[in-house]
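Each chain gets a letter, A, B, C, D, E and F, in the order it is written, and its residues are counted from 1.
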Amino acid sequence: MRPSGRAPDQMRAITIEPHFTRHAEGSVLIGFGDTKVLVTASVEDRLPPWLRGKGQGWVTAEYGMLPRATHTRGNREAARGKQSGRTQEIQRLIGRSLRAVTDLKLLGEHQITLDCDVIQADGGTRTAAISGAWVALRLAVNGLLKDGKIAADPLTQKVAAVSCGIYQGTPVLDLDYDEDSNADADANFVLLENGHIAEAQATAEHATYDEEALLRLLRLARIGCNDIFAAQAKAVA
Amino acid sequence: MRPSGRAPDQMRAITIEPHFTRHAEGSVLIGFGDTKVLVTASVEDRLPPWLRGKGQGWVTAEYGMLPRATHTRGNREAARGKQSGRTQEIQRLIGRSLRAVTDLKLLGEHQITLDCDVIQADGGTRTAAISGAWVALRLAVNGLLKDGKIAADPLTQKVAAVSCGIYQGTPVLDLDYDEDSNADADANFVLLENGHIAEAQATAEHATYDEEALLRLLRLARIGCNDIFAAQAKAVA
Amino acid sequence: MRPSGRAPDQMRAITIEPHFTRHAEGSVLIGFGDTKVLVTASVEDRLPPWLRGKGQGWVTAEYGMLPRATHTRGNREAARGKQSGRTQEIQRLIGRSLRAVTDLKLLGEHQITLDCDVIQADGGTRTAAISGAWVALRLAVNGLLKDGKIAADPLTQKVAAVSCGIYQGTPVLDLDYDEDSNADADANFVLLENGHIAEAQATAEHATYDEEALLRLLRLARIGCNDIFAAQAKAVA
Amino acid sequence: MRPSGRAPDQMRAITIEPHFTRHAEGSVLIGFGDTKVLVTASVEDRLPPWLRGKGQGWVTAEYGMLPRATHTRGNREAARGKQSGRTQEIQRLIGRSLRAVTDLKLLGEHQITLDCDVIQADGGTRTAAISGAWVALRLAVNGLLKDGKIAADPLTQKVAAVSCGIYQGTPVLDLDYDEDSNADADANFVLLENGHIAEAQATAEHATYDEEALLRLLRLARIGCNDIFAAQAKAVA
Amino acid sequence: MRPSGRAPDQMRAITIEPHFTRHAEGSVLIGFGDTKVLVTASVEDRLPPWLRGKGQGWVTAEYGMLPRATHTRGNREAARGKQSGRTQEIQRLIGRSLRAVTDLKLLGEHQITLDCDVIQADGGTRTAAISGAWVALRLAVNGLLKDGKIAADPLTQKVAAVSCGIYQGTPVLDLDYDEDSNADADANFVLLENGHIAEAQATAEHATYDEEALLRLLRLARIGCNDIFAAQAKAVA
Amino acid sequence: MRPSGRAPDQMRAITIEPHFTRHAEGSVLIGFGDTKVLVTASVEDRLPPWLRGKGQGWVTAEYGMLPRATHTRGNREAARGKQSGRTQEIQRLIGRSLRAVTDLKLLGEHQITLDCDVIQADGGTRTAAISGAWVALRLAVNGLLKDGKIAADPLTQKVAAVSCGIYQGTPVLDLDYDEDSNADADANFVLLENGHIAEAQATAEHATYDEEALLRLLRLARIGCNDIFAAQAKAVA
């Protein structure tokens, strides 16, 4: 029934290629099927002004999509001179999600910026970005620990994200572009390895949904995130 | 336990003053306690380019906060030259929420813009905006029906929104600013009168949350929205 | 002869509602008939860079119009990404007018920003803004005096403003929108309670005017401002 | 008493060099003493959208100041990415002033843009710009008449402008920079050859002023504009 | 003598991975050593306004650098709200270079946009971009020919580019970052397979250079471009 | 054969009017035929942040074109809100060219900004700007030496620039607008009085070119620059 032939609770292939680029303190190319996001983690000593001298660090994110990551070419945001509302919404979500598993005191006065750039898009770019950002962040933090720049590990656990939606009446996991553009409702869940929720966002697109549907989507997300946690563990091993 | 002395499932006073300004086709000043939002609905024949000639209409929203709506003065977005990510995220949410109860075919080739301007802020401005926007939209659509510009009512039912959160370990309804700035998690629910969900967004702030908490927040939201539906009905009677 | 039936030297009803919002140090909703402007005065210790350390304060203003304050919806300046020339011209005028009655040395190292936001427009928004801004400024300065933050009153006297114009050959006071859009010439006068002039601006629209007309417009403005001074006095009593 | 040694009612030397550049339909370098403004008039068939098909033309103006026209270097507005409020205020004034002497119906469907660029500034740049713009406009309109593109002369009479102010208690004509930066009040008058007023703007800087002072400034302006009208006549002879 | 141990006339390893992404009509990841640039070619029927209806097509380019492509993180241009002068200079160069080998008449009314995004930077990003853009363009044009959308091949020959410079007194080919940041002079040459020059740019950095040096740099560029032509041929075979 | 009747190796008349404006530390109006550029040199003590405290100075440039410098009116960059890629490319080139003859250590902690504003354009504006900028810089540096603000002359020699191109198959010197818009290739050379090259840029427009042509263009540039060096010498004598 799904255009891709997947079962309703089946993720696309998860691929994680750590150390994809050389200069960043952490770097990864993550794929959920044909969705490919390059995430780099950059460590800097310079904090945002409102955090200086407070004995803590900061984790933030920026998100971009290459103009031809998509089926038809989109405008380059740098050329248009501003980031879209969608871009800003996504990068705020990524930042919050990673901060949910970071002890900012233990991070010390470092800022880590997660740059998430979509190389190829086929649905679920923001959830792939969050899931990859954890790997990049883990690698960057490993470096800080190894270099003795911080004493204790500020990352409390893994975080991952996946989209779900109601497609032709059926809740399905990990929407690809074909499904996403026709779903009645779609949701993004950011989950922690301990089962807790960092963020739940479920939006009616062509039809509103009920509480039961919300719960079924959440359960699909748990299945997907477990796969992602396993892939993350393998990537940083 | 709540700074305001309210019970956990108690809304602030809901005030709705329809026809607050003269020129707009629909206009309302809505208050959730000290949060006051002026919403106007403007009907125009001009549609966005990608909708022209498709025999349907459009409902969209813009959101702003007066610089001194808040405890300390914020920058004027017009002077800074751009809308913040937060502003864009909120106005996208308002637009989606109202479209969830609008049959765009029945609206005909009209665009209705809901301008939501926060006169005074004390938490929950986006949910007050959505709840007030339904009233302004209802008034504007009534005018279109009365003038014979559309034949059938495009509004399928009421929509309302409220925030909830986990404050000092307890799920509470309709966070005010004091609670909002200290909540462990906060959520916004956009609900329909028939019980369906148009949007659920629950975010960990100082602590992540579990499925049970998500459900408890949703149930609080149902209580609050029922109060809002009653106030909306009275306002447009 | 006037569309409103007013006599040539008759102001519209002046309404001043002090303390309209809670957070600002001074706040007022002023109305000249259907023109309604919300003015807040915000006191900050942060001065513009070029004034720091000079032992004086600053009074400045910002102006905005809600998109649907007017008969047809205008663009939101924050969304367009810049303030119009008209907006900037008006806010510069408001700031100058209030500084004309403020002893900046006595104000000490405080900046007071007057945010003037037009809720509903029917002509004369800039003059209503100036007249209301004096009230908001007076309230904010009262607070500084009461809290002992300044020792002496920096406000030397009242300032008020009103528009006049030549409508169908007759000089008239306090143009409403119908008159303003058809006037041959229109003028804005900013007057002090002692009769002095802080600003006079008289512009030919459809016809140029002579010296005699300029003087007649000024005399009408004196009549209007006297009414406004009385309303200001009552509002801050 | 004036830093320049001029009598209170004495203009600086007025120099007008028509045809200063080659490409524009009208071009002039005007000087009021050390203030030098290059004005070009460009004729285009393209009208602003709101005027198309109405059987009339348009006259508009843009104003700029070269970064080092002034005593200390100012920012280049093109590099900063926006025009200041002052720039916009001035270019709006120039456009209005020239339209006051143009019959837009007789101009036909042509737009004439007056670009006023300050090469060197010593006070009074906006009034020199208006006075020079009339010459450039006259030259451009002569060309349209000569080429048979319009049948009747749309320019009804001359327009000129000059600044005046109260300097050390004395009303003086044509403020230079030294006077302008220390004047108690300064005014700009835009006058027609027939004695009518197109625009009067009088602003208190360090001290407010009374009606008598306003009239004395206006009378000085008449003296100055008569000199300018003579210089304009000679330049276009 | 070179930090990398290369001979003065030795290119870094050239890697070309065609079809790197799925959606674009042409796509390639090109590497000159550690410099990696993703280039996509997007075919659209929409031409820039000034070319419509002229029976010809257009080839243009945009260039960007991911924030952490470099040793230290740079600002994201989309977040800053404008493209740097360097970015604009580079994308203009890329567009001109590709148009030098394209018969725009034979291309018909198609626009091909070459998006060149630097994934990892180690000197020579603009020359790698041009060299890769030819491959992406070739692939896209092959598709147009295969689909019968154009009848004859508009690409007249290959184009490639390489940087050269004077490093510690010696002319060397294909500067990497270490060399580039310390070179006395650096040059970029865009060469055609037939030996002709499309663009030569040679800039003194720490020292000016003479005619003999210019010629030696050009000869090195010929050596490098011959290697690139061979790699291009292999990639599109 | 040339539209102007000039010989292939003939410059247009070079005119240099030093001290064209009063306020700048150096000022010149340079003409290459009908191309007229006003260049001012402004000395400031404020250095860009990345140079502060390094015991050296900086020379930089900005470039602009008055809207009606050209045959048809162009947009004002300040009104559009950004500088074009062409503008930025040119001002970067001017800055580099002047730094090639400046010992920044000897300049001390001063910044000199060269503002190059095109009053009238007929081809070759960037080369006229560079050639004039040297004169303005020389005058400004003379002032610093005379005032004892610097001890030794930081200008090592003269720099000049000229354009050349291949017009109807023939290499010609100093392209005017008619030639420039039809040239097969055009080049800009920035040369030093000692014969060295600071910058060479040769671009194929309608046809690519070979090494022999590049050398012939360079030799023409030497002829032209010698004329400019003579005119510069005379202007600063």
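Just so it is clear, contacts are C-beta pairs under 8 Å (C-beta built on N, C-alpha and C of every residue); 3 or more make two chains touch, one makes a residue touch a chain.
For each chain, UniProt lists the protein as follows: A, B, C, D, E, F = Ribonuclease PH.
The structure displayed is predicted, hence computed values, not measured ones.
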Key: Each chain counted as touching chain C and chain F at once   = D
Note = One copy, chain E, sits on the other, chain F, after a C-alpha rotation whose size in degrees, in steps of 5, is 180
Query = Is the contact between copies chain A and chain B built from the same residues on both sides or from different ones, judged by whether over half of the numbers are shared?
reply = same
Query = If you average the CA atoms of chain C and of chain D, how far apart do the two points sit, in angstrom?
reply = 28
Inquiry  = Rounded to a whole Å, what is the gap between the Cα centroids of chain B and chain E?
reply    = 50
Ask   = Can you list the residues of chain C that touch 2 or more other chains?
value = 81-83
Note = ring traversal (chain B first, then chain C) gives B, C, D, F, E, A
Inquiry  = Touching residues of chain E toward chain A in the complex: what are they?
reply    = 21-24, 27, 34, 36, 38, 40, 42, 44, 62, 64, 66-71, 73, 76-79, 81-83, 87, 113, 115, 117, 119-121
Message = Which residues of chain E touch chain F once you look at their complex with the stated criterion?
response = 82-86, 88-89, 91-92, 96, 100, 192, 195-204, 208-211, 214-215, 218
